[in-house]
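Structures follow.
Both complexes below contain subunit A, partnered by subunit B and then by subunit C.
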Partner chain A sequence: MAGTTTTVGRSFPRMEGRAKVTGRAEYVYNLRLPNMLHAKACRSTISHGRIRSIDTSAAEATPGVHHVVTGADICKVLPEPFYGPAFHDQPILALEKVRHYGEPIAVVLAADPHVAELAAQRIVVDYEELPAVFDEVEAMTSDVIVHEELKPAGTFADLKHLAGKRDTNLALDYHLRHGDADKAFAEADRVFEHTFSTQQTMHTPFEPMIAIADVRNSAATVYTSTQSPSFVRYELARLLGWPESSVRVKTSHLGGGFGAKVYVKTEALALALSMIAHRPVRLALTMEEQFYTITKHPSTFRIASAVDKNGKVTARKCEVWWNGGAYADIGPRVTQKSGFTAAGPYNIDNVSIDSYALYTNRPPAGALRGFGIPQLVWAYESHTDIIAREMGIDPVDFRKRNILRNGRMQAVGTVVKDGEFEAILDELAKRMDWDKPFDRGSGTVRRGRGVAIGFKASISPTTSSAIVAVNADGSCIVYCSTVDMGQGSDTAMAQIASEVLDIPMEKIRVVNPDTDVTPYDMSTLGSRSTFHMGHAVRLAAADAREKLLALAKEIGLPEGHNTPVPELFVRKFGMSAGAIIGSANYIPDFTPPNYSTGQSPNATPFWMSGATGVEVEVDTETGQMRILRMINVCDIGKAINPVVVETQISGAAVMQLGFTVSEEMVIENGQLTNPSLADYRIPGIFDMPSVMESGFVAADQQNGPFGAKGVGESGTFGVSPAIANAIEDAVGVRITKMPIKAEAIYRALCVKQGRELSDD
Partner chain B sequence: MKPFGLAEPASLKDAIAMIGDADSGVRPIAGGSALMLMMKPGILQPETLVSLRGIEPRYSSIETAGDGGLFIGAMTTLRRMELSADVARHAPVVTQALRRLSNVRVRNIATLGGHLAHGDPHLDLPPVLIALRAKVHIAGRDGERQIDVEDLFRSYLETSLDSGELITGVTVPAQGNRKSAYIKHTTRSADDWPALGLAVSFSLDGDVLRDVRAAIGAATDIPQRLKSVETALEGKRAADALQGAGDAAAAEAQVHSDARGSAAYKRELIRVFTGRVIRKAMESAAGGTI
Partner chain C sequence: MTDTKNSRRTIRFTLNGRPVAADIGLNQNITEVLQDSFGLGGSRESCGQGLCGCCTVIMDGKAVTGCLTLAAFADGASVTTVEGLADGETLSAEQEAFIETGAFQCGFCTPGFILMTKQLLDENPDPDDEEIRHYLSGNLCRCGAYPEIVKAVRLAAGKRRNA
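For the complex of A and B:
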C-alpha cells in the first residue's frame, strides 16, 4: 500500500496553526449560549465516608441562585444515574457515599458564576467518615471495600462474569500464560527479582474539561471538550433511554486531552442539570477540579526473570497492581490491554503475567498517553538494565540478545509483523555514539548514560467511519469524528483525502466532530486515529473517486479523460450543483484472547515502539540530576507528516519527563494537598534536556494507510527507565520509585556510603 | 474568584488614604502575581483592590547615586530590574538572581514592592537584599520611615508593615569592592519556588574575609541573616573556613519538612550550598559587568 505518494509524506503546515497562534481557534471553553446558567460543584473534603446529610439552605438563600442540586435530584430526572465505559459504577453526583477526595456531591446553578461558586461554598455536608485505602497492593486484601458490588457495563463481553461480585476491590484480573515459566525458573542459571512503583499524576490539559448541555423537550445538545464524541452520545442516550439520534454531541479543537477527555467526564452532569433547570447549563471545571476527575494509575510491578549464562532471558513472571482509584473508568482495559506486554519487547519463551485492576479511595484513574505502557516499561526496562549490569553485559548488547524480532511470537500468542524493535534500538545506539568512549565526569559531578525500549499493541477491535464529499467546484470536505486535540489529525486526514482524490490541500476542509454530522468513531485515543480513521478516510475518498469515475462514464467521457472535476458536475447537473459522497467503515481483524490463558493469534493490527537514550549529570553532594542529552527514536511506520510526527515524539517525551522527575499528586490524611499548578510542578523550559533529538526509522506498516501507524504515545515509553538507568550508570544507585527526585537520589547515595539520612 | 472593586489612585498619598486596616477588605495590589494565587482559591477575598500602577512614576524608577548606591522604586517590575544596566553595574548579584526567578511571565508583572510585602519566605530577593544591607522605604498615614530589609519579616507571610503602610522603594548601598553571590536550589521544577536560597556578601582584605553578611531564604520560616556563618567567616581565609561555615549554617537554620524536601535533606543542602555560595562570591567580579 505504500507506493509513491505526492501529498502523504510531506510536512504540510498544520491546518489550524494560524488560527491557534492568532487566538482565533474555537474552543468549547470560550462558548457562551443565550440564557445559560453556570454550575459550580460542592466537593467531598474526605476520601471515604457515608453522607449523613447535605444542608443546602444557606446556598438556596443566596441571592441569584436558581437551583441547588444533589444526587437525589439527579435520580428524579435520570433514575439510574451511573456511568462508565467498563463499569456502571460512577454516580453523576455522590449518592449515600463519597469514595474519593473531591468527588462532586452537590451543584449550584446561577446566571452569575461567582454567585454559583459562593453558594457552593455554603453547602454543608455531614459525613460519617470511613477508613480509606490508598495503596493498590493493600487494596487486594484490605478490609476497606470501595464498592459493595461490581457493576460491569454490558458493552464488554469479557467483563460479564464480574457482575454482582461482592466485597472485593478487584475490578478485573487478567492472566497470561505462555510456555512454562515455573519450569524455566527451576532450571535457570540466574534469577532476578525486583519491585517498582509509579505515582499518581494528572494530564493537566490547559483547556480544562467543559460541557454545556442544552436539553429541550426530547432532544439534547451537548457541547463538550471531549476526545470521544460518539461514546458520549452513546452513553448519554443510554442514561436517557433515548435513541442516539436525539442526542447531539459537538466539539471543537481541544486545548489538550492526553486521555483525560475520553469517555464521559462532565457531560452526564451537565445533561442532568439542564434537564432540571430547563435552560442551557455550562459546567466548566477549574484546573484544580481536573485533579479530582481523572488521573494516571499509580502502580506496583513485581517482575522476575530467569536468565541463562549467555544472557538469554528464558522466562519472565510479572505481577502488576493498577491503582484505579474510586471509579473504574477505563482502568480494567488498561489492566488487560496493556498487561499482555508486561514482559517487554523480548523474545521470551516462557511468560506468566498477572495483572490486577484495583479500586481504592484515590481520585479515579484512566487513560493517560500510553494507556499503562509507561508504568510497565518503567519496571521491565529498569529490571532488564539491572540484569545486564549484574551479569557484566553491555545494556544495549543484552537487549539485542533478547529482542523480539519480526516473525517471532509475542507472549500473547500473536506473531510480530512490522515491529521494528531492533531497528529503533540500533538507531538509538548509533545516535548516542554508544560504542565510543564516554566522559564520566569527576569530583562531585558524575555523568552516565542509559537506554530503554518499550512497545505497545493497538487497542482492538475498534471502528472508525468517515464521509468524504466532493463539492461541485472540486473542493472537498472530510467528515470524521476524530478530534484534533493538538496532535495534528485534521492535517493528516486532509493529506490522505488529498492523496486519494488528487485534490490540493488548500481545497480540503475537515469538519469538527458533531455527531449529527460526522459519523461514528470509537474515540480519539491510544494512537489509533492515524491507522483506523486514516483507513476510513482513505476508503471513503476512494469510494468518492469511484463515484466520480462512474459519473464521468455516465456523461460519456472516455477512460483516461482529463476533464476537470467542476466540468463533470456542470455536464451532469446543468450547472455547478450536486455532490459526490464517499463513505466507509473500517475495522481491523482481531481475535479476542482466551480468558484463562490470555492467548490470541491476532491480538493487534499493529505494534508501536519507542526507544529513549539519555546522558545525565548527577551532583553527588545534592542528588540533583540534569539531562544533558535525550534522544527518542520510534517506529511509526511511514510518516504521513514527518514534522508533526517529530513534534508528537518530543511532546510525548517531555510529558513523560515531568512524570519521571517532578509530577506527583500528594494525598495526606485523606486530602489531596497539591491540586494546582503552583504545587503540582510540570516541566518548564529550564527543565528541558540541554540537547534533545526526536526521530524515527525507515519502516513500513504494510496493513496501514500508506504504510503509517500511530505515534501519539510512543515517545513516552522509554523515558523514565532510561533516566533511572543513566543515574545508576553515573553514580551507582538504583531508583525504583517514581518520581525520581533529587532527594531520593541523595538518600540512595547516603545509603551507598553507609550513612543513613534521618527521616525528619 | 469573588468579584471585587478596583480603585486606581493617581498618587501614593491617595492610595494610602484608601487602604484601610487589614480586615477592612480594602487591600493594595501591585503586580498581583502572588495576590491572585491567594484570591483564586478564596484564601483572600478583598472587597476592593487599590491598584498602585497609577501612582507617581518615581515609584517605578531606578535611580543611581554618585557613589553607586541604588534606589529602586517599589512598583518597578522584576523584569525592569533584571534588564537595568544600573542594577547590573552596581549590584550584579541582583541581576543574576532575577534571571532565574520564577519565569519571565511572572517577572513581567511582579514588582519589587509586592515581592517584599508578600512576606513569603520562598522568594529570591529577600536574602540577596539582606546580604547587600539594603533598606526598605515605607510610607503611611503618619509619614515615612526606613528599616533594614531583614527587619521587614516577622513570621510566615507576616511583615512589620502597619496596616495602611506601603513599601515605596528599596535602597541598596554602594557596594564598592564587596563580593556577593546568591545560590538557590529548586527541587520540583526549575522555575518552582526555591527549597533553599543562600546569599553572601563580604569585603576581601588580601585573602581574608571582612564585614561578612550571610542570609538564608526559603528553607526557614522567614528570610534571615545567618549570624553564625558571618562569625565563622569573619577575619578568616575562605579556604580555611568553608567547612565550619557550612556546619554552622546547618546548625543555625531552623528548617522543616515540606513538599520541597525533608528537614534532614535541607540541612545537607544548607551545608553544601554555604560552601558553594562563598566560593561563587570569591570567583565573582566585584561590581562591574556580570
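For the complex of A and C:
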C-alpha cells in the first residue's frame, strides 16, 4: 500500500455536512410511519425484588390506550424472550423478578405518546423487595445472587463452561500469566501496591435510543438508532426462529452512540410490541430512560509492581473487578479483551492478571468509548506515577525506562508491531515543554502538571464485508453496514473507494446501513471500522477495478487505455446500462489465546495508543481545580482524514474529562437519584480547558488500509490519570477514586494537614 | 387526566416566513408539532428539560427551547427554525462556517448551536471568545465539538462582516 495517495490523507469536509447544518440529516428519531403506535414503559422503582403482581387496570381504562403489555404477554409471541450478546440473560420485559432500578416491567401502547406516558404512570406494581448488591468486590462473595443460573449465549467459546452455573455473580473470570510474577516480587528492590476505583457513568448520546418495529406478512422491519445492524438482525431472527432474510434492520445517521447503541437495546421490545399490536410501534427512550438501559462499568483495580533500584518494573500483578450490573451485555468481553492490557504499555517480563466480570443490581454496563481501557489506564497510570515520584524519578523518564517498544513481546504473548507508544510520549513531552521550568503558582493557588499514556489492542477477530458498485455513468455507490454516528466513517469509506477507483468524491455515495442491502459487519465499535471496513471497502473497490479492466479487455481495448468509464459501459451494453459490482469480506489473522495461560502469539491486528498531558491549578482552600492546558497525542497510523481524526481525538478527551471530574450515577437506597442532565453533569463549553491541543504522530500501520488504524477511543485513554497526576504535582495529594470533584480534593488536602473531615 | 378530545385546537403562526396553521394537542410542545405536522426535524428533543438546546427555535426574535415551549404559545407568533436559514441552496454564513471548521460530529446538537450563533451575531457582530462561550453556554454537545464551535462562530462573524 505504498505510494502517494490523492484522496486518502486529505481533510474533506464530512459528506453529510450540508444535511446536518440545515437540520435535514436523517435520524431514526425523525422517522414517522403511518398508523404507528407509541410505546411508553413502566419501570422498576426498586433495585432487586420479586414481582408479586402488576395491576394494569387503570392504564387499560385510560381513553386512547390500545394495549398494556407485560412480560407474560411477551412470552406469548416470543416464548424464549431472553437476549444478550454474551449471555441470554436479559428478559425483554421483567419476568417474575426485577434486577435493577429502572428495569422495564410493562408497556402502554397508544397513538398519542402523551396518553401512553400518562397511562404507564397508572400501572401499579407490587414487589417483594430483596436485598441488593451494588459493589463489584462485594458481589464476589455476597449472599445476594443476581441470576439464579448463568445462561451463556454460546457465541463465545470461552464462556461455554459457565452454562448452568448457580449461586454465583461471576459472569467470567479471565487470567493471564506471563513469566513468573511471584518470583520477581520475592526478589524485588521495591514493591508498590495501590487500589483504584471508577464510578458508574452513562454515554448520554443526544439522540436517545429509539426503534420502530413493523412486523407484518411474516417479515419484520426494524428502524433503529443502532451501531450494530447485523447483530440486531441476527439476534431478532434468533428470538423469532426466522431466517435472517426475514428480518430487515435499517438505520440512519446516529445522534451519537459511544457504545450505548451496540448489540440489542430497544429493538427486541419494539419487535415484540409490533407483533402484539399488529401495527408499527415506535419505542423512543427519554434521556432519563437511557440511564436505565446501558452504562459504563464501575471498577476496582488492585495493582502491585515490583521495581528494581534503577526504576525498571520487573513484575506487575493486576486484579480487576468489573461491575457489569444486572445483565451481562458485552461485559465479559470487556473483562477479557481489555483485561490483557491491564499492566499498561510497558515492557514487563513478569505479569499476572486476574479480571472478573460481576453481576450486581446496578443498571447494566457495556461498552463505552474504550471498552474498559480508560478504567485500566486510570489505575495503572496513577500507580506508575506514584512509583516514579516515590523513587524520585521524573515521571516521563520513568515511563520511558519501561516503555514497550516495537519488537518486544506484550504480556499476552504477541510481539508489538507499529505501536508508537514511545513516540507519542516523546511528542507529548515536547508539546508540554516538559524540560522547561514550570510556574508552580503561589499562596493558595498552586499549579502542577501530569502525563499519562494508555494503549489498547483492537478486538479480534471480527469481520467486515462491503460491496462497491460502479454505475454506468461512472459514479459509485458504497454499500457497507458501518454506522456513521459522528465519527465520519461515511467520508472515510468514500475516500478509500475514491482512491482505489480514481472516482472523484462528489460521484460517490455511501448507503446507510440496511441489512437487506448492505452486507454483514460485526458492528461499529471499538475503533474497528477504519481498519476492518476500510480494508473491506478497499478490497471491494479493487475487485470492481479488476472487473472494469476485464471489461475493457473484453471490448478490445489495449492495456493502459484511457477510455472513460461511461464509454466502457456504452460499448459493452449498447447504451448507458449495467453495473460493475465489487465485493469483499475482510477478517484479520488471529490466534485465540490459550485458555489456561491467556497467551496468544497473534492477539490483535493493531495497537492503538493515546497520551495526555495536563496543567492544572488547584485552590488549596476550596479544592477547586481548573485545567489550564490539555494536550492529547495519539498514534492513529496514517490519517485518512486528518481534520476528522483531530476532532475525534479532542471529542474523546472532552468526554473523558466529564467522566473524570463530574459525571457519576448515584444510587441511594436502591434508587438512581440523578438520571437527567440536570443532576448528571456532562461537560459544557465552560468546562473546556483554557488551552486544548489534539494531534497525532507520524506513523504507519503497515497492515492497515493506506497505513491507517482506529482512533475513536484513543483520545480517552490518558485523560483521567493525567489529571490526578497533575493534582498530586500541584498540591501533593493523591486521588484514587473517580470522579475527582473539588470535595474529594478538599478532603484529601484536609487529611494531608492532619484533620480528617467527617462524612457529612 | 386530560381528555384528549377536548384538548385540541388550531393555531396559526408564521413558520420560516410563511403563514401556516396546525391542529395541535394542548399538551404538545412546539418541537413535537414541527416534527409531526410540518416534517421539520431540525428542532429535536434530547434532554427534554431545557438543558441541552437541541430543540432550539427562534420565536418572535428570541431563542427558546422547543421542548419546554407549549405549541399553543406559538399561536400568532413568528417561528424560525434551522430549516429557515438557508436561502434555497445557499447556506447562511453560520451554516457554512460550521461545515468549514468541522464544528460537529453526530450533528444532533448542531441546529441549536447554529441558531444561537445567528442570534449572537445579530446582537453582537464581533464577539470575543469569552462572549461566544457565554452566549452558547446554554447548549451542550456530547460529541465535545466545543473548540471547533468557537472557531465556527468566529468564522461566521467574519463571513457576515465581509458579506
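Couple of notes before you dig in:
Convention: the second predicted complex is superposed on the first by the 759 of 760 C-alpha atoms of A that agree within 3 Å, B and C clash if a C-alpha of one lies under 4 Å from a C-alpha of the other, contacts with A are read in each partner's own complex, and residues count from 1 in each chain.
We adopt the following convention: contacts are C-beta pairs under 8 Å (C-beta built on N, C-alpha and C of every residue); 3 or more make two chains touch, one makes a residue touch a chain.
In this text, all values refer to a predicted model and were calculated from it rather than measured experimentally.
Once the two complexes are overlaid on the shared chain, A:114 sits against subunit B and subunit C alike.
Once the two complexes are laid over each other on the shared chain, residue contacts for A:741 go to subunit B alone; subunit C is not touched. Looking at the shared chain after the overlay, A:254 reaches subunit C, while subunit B stays out of its contact range. Contact with neither subunit B nor subunit C is seen for A:39 once the two complexes are overlaid on the shared chain.
In the overlay built on the shared chain, the residue A:666 is in contact with subunit B alone; subunit C does not reach it. When the two structures are aligned on the shared chain, A:647 is found in touch with subunit C, with no touch to subunit B. In the superposition on chain A, A:622 makes contact with subunit B only, while subunit C stays out of contact range.
Of the two partner chains placed around the shared chain by superposition, neither subunit B nor subunit C is touched by A:541.
Looking at the superposition, the partner that touches the larger set of subunit A residues, subunit B or subunit C, turns out to be C.
When the two complexes are overlaid on their common chain A, residue A:636 makes contact with neither subunit B nor subunit C. Touched by subunit B in one complex and by subunit C in the other are residues 114, 118, 676, 678, 682-686 of subunit A.
Subunit C meets subunit A in the complex at residues 1-4, 25, 27-28, 35-36, 40-44, 46-49, 51-52, 54, 81-83, 85-86, 91, 94-95, 98-100, 102, 104-111, 114, 133, 136-137, 139-150. Subunit A contributes residues 114, 117-118, 121, 288, 621-622, 624, 658, 662, 666, 673-674, 676, 678-679, 681-687, 741-743, 746-747, 757-760 to its touches with subunit B in the complex. Interface of subunit A with subunit C (complex): residues 13-14, 16-25, 27, 29-30, 32, 62-64, 112, 114-115, 118, 204-208, 253-258, 286-287, 485-488, 643-644, 647-648, 650-655, 676-678, 682-686, 688, 692.
Taken together, the subunit B residues at the contact with subunit A in this complex read 1-3, 37, 41-42, 100, 103, 185, 187-192, 257, 259, 261-265, 268-269, 272-273.
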